[in-house]
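Take a look at the following structure, please.
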Amino acid sequence: MRAASALLRKDILLELRSRESVPAMALFALTAFVIFHFGLDRSSLAGSLAAGVLWVTLLLAGVLGINRLFVAEREQGGLDGFLLAPVDRVALLVAKALALLAFLAAVELVAVPAFALLLLGPPVWPALPQLIAVLVLADVGIAVVGTLVSALSVQTAARDLIGPLISLPLMIPLLIAATGATTPLLLAGGAAPLPLRWMAILGLYDAVFALLAYAVFDFLVED
Amino acid sequence: MYGRGLRPLAIVTLVVLIGGLAMAFFYAPVDADQGVIQKIFYIHVPMAIVALCGFVAGGVMGAAHLSSGDRRWDLRSYVAIHLSLIMGVGVLVTGSIWARAAWGHWWVWQEPTLVSFLVVFLLYATYQPLRFSIEDPHRQARYASAFAIIAGAFVPLNFVAVRLAQPLTHPRVLSSTGNLPGEFGVTFLVCLAGVALLFATLWKYEMASKHAAEQLRALRSRLAEAEAPGPPPRRAVPAGVGGPVS
Amino acid sequence: MADEAAAIQLDGVGRAYGERFALRDVSVSVPSGATLGVLGPNGAGKSTLLALLATLVRPHTGVARILGHPLPREGWAVRGRIGFIGHEPLLYRQLSGRENLRYHARLHGVELRRVEALLERVGIAVRADEPVRTLARGMAHRLEVCRAVLHEPELLLLDEPLAHLDPAAVEAVEPLIGRSTRLTRVVTGHDPTAAVADCDLVLGLRDGRAVLSGPAGDVTPAHLGALYR
């Protein structure tokens, strides 16, 4: 997919140059952790509470990134530039999803250690590989849904509001599965093994939305 | 075209629905645990089932629109979804009343069906704002259909996930009618049929009304055109002839 | 008839926007190598017509054939052969000229050294590494011309191509998008007399309809006056 890699390269370059999305998402995550500390009046979280706080924060940070995903295309005519090229429209879907995935990964590189430092009671090290596995699987889901919703809302008049309103309910099953998978890893008494049931649900979610995105994307982009 | 058969359908709907409600109150026995208020089940669950089917049907119609390009499918999808949404309000209200009567709280998170219905409702509540924030009608129809497909596929996925999130399952009332003893089962089926017919009648009615409004509008604009035609074409030479290449 | 060899063939093409018609019942035939000038007051549908020819939007009525391929069904077959310059430049303002062109080169499968060659030809190689947002309108427009011809198109669709260019720039881009290219071109503009001088065929649009159509030589000042009345 030569086109997808050209698009991805361009998006990463744009983000590095303008630094609009990733720093904002990372800063948001850090601020959210502080807010949770004061809001819950807790200094140390474990188990399902820790998993919940972590995933809600990552999800909301993701929503910030989703809003900005197609902004350059819409404002600077980039979408037309792409449409004029003799390439499959799906390349745009793949490239944008990969870009969002990259942004999420960058944010998590900052947010997860920050979380471990600020709010997490038990140590994160023992279960780190499993945690990374959950992060990867869930991030793919966020990336696919996010790209889909971003494409849907970029043409609307109230895009900043509509994007989160549509993506959050859609991501509830992902949230359920991600927290379900993460809770045993953050238990106060020591990490339990990764529940495969929830990983399977995450995988199913990713697959369903990837298929939906592939089926529907052309219609969102073509006129 | 939608108006045909509407009156007989409406009459049948009324008969079945009233019959079902009558059966619920007079024929089906009173539930030992929950008392009379359990009867709300005969409205709540059929409405939930029909609303969910309506959402999924809206998704299928959206797919029909995208694959055929015929915008009438989008209109059908819109009506189905918006009726399901209204019915969804009814589901949430009756569900809340039932929860209060059965478990003492106006909302319970342990009833997975109710909870996943809330999520679905929140999603579909964005459908109309999405539609009306896109000006171009062709694009609006396309995007709405895409949304309907995504949301329609989401409904079962969401139910599975929410169900699995419950560590203890409450007595699942939304089970097959095989679990319900005779009188309950029959009454339930009649009420289900009644609500389904109600949905169908309302759908047909709204389609008929929208169709008529559209025809009226098309006639009006044609009339306006006929009265004030556009500027007559002025041609240097008849169009379609290629000019000399110098 | 020259129809079979026509680079562009439109029959009764229309495009709706809600109840309005941006284009209505437009028919024109442009033979290969000819230049079509599209004239008309603001809002007449010139830009919509160009976007339609570029396969960016699809026709709602009528039949459109570009380079022998019917739209929208075979839009994919003509996309890489069309060069389009629209109202707004299709360049990312945060990236440099070189980065923008390289991106388009990769997208179209064009060798990167063609980017360098083009930058030299239009005379902006010196400022090619500065972000586009720092360039003056005229320089950015030269970049836009490079972008449009990067993939060596057969058909040029130009929306006011000389709008922001000084005489030196006009001279620089002429060999790329001007008559001397001998490519089929569709050009819109607001200067009717220049259009009539530069083009072989003229199409006058008003409220989406074609009210003037034919060889440039047959267009009189009276026709133009009525068009812009």
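All chains are identified by letter, namely A, B and C, in their written order; residue positions are counted from 1 within each chain.
Just so we're on the same page, contacts are C-beta pairs under 8 Å (C-beta built on N, C-alpha and C of every residue); 3 or more make two chains touch, one makes a residue touch a chain.
Treat the numbers as computed from the prediction; the structure is a model and nothing was measured.
S.K.: Counting only C-alpha atoms to place each centre, which chain is farthest from subunit B?
M.R.: The chain lying farthest from subunit B is C.
S.K.: Taking all protein C-alpha atoms shown, work out their mean, then name the chain whose own C-alpha mean is nearest to it.
M.R.: Chain closest to the assembly's C-alpha mean: A.
S.K.: From the mean C-alpha coordinate of subunit A to that of subunit B, what's the distance rounded to whole Å?
M.R.: 31
S.K.: Go ahead and note the Å separation of the Cα centroids belonging to subunit B and subunit C.
M.R.: 46
S.K.: Report the inter-centroid distance (CA atoms only) between subunit A and subunit C in whole Å.
M.R.: 40
S.K.: Residues of subunit B touching 2+ other chains?
M.R.: Residues 135, 138 of subunit B touch two or more partner chains.
S.K.: Where does subunit A touch two or more other chains at once, residue-wise?
M.R.: Subunit A, residues with two or more chain partners: 223.
S.K.: Where on subunit C is subunit A touching in the complex?
M.R.: Checking each residue of subunit C against subunit A gives 54-58, 76, 79-80, 82, 84, 86, 88-95, 99, 103-104, 106-109, 131, 147.
S.K.: Where on subunit B does subunit A make contact in their complex?
M.R.: Counting only subunit B, the residues touching subunit A are 66, 119-120, 122-123, 125-126, 129-130, 133-135, 138-139, 142-143, 145-147, 149-151, 153-154, 157-158, 160-162, 164-165.
S.K.: Can you tell me which positions in subunit C touch subunit B when the two form their complex?
M.R.: 2, 6, 16-19, 24, 27-31, 33-34, 60, 200-202, 204, 206-207, 209-220, 223, 226-227
S.K.: What part of subunit A is in contact with subunit C in the complex they form?
M.R.: Those residues of subunit A that touch subunit C are 2-3, 5-7, 9-10, 13-14, 17-18, 72, 76-78, 80-87, 222-223.
S.K.: Considering the complex alone, what residue numbers of subunit B touch subunit C?
M.R.: 135-138, 217, 221, 230-246
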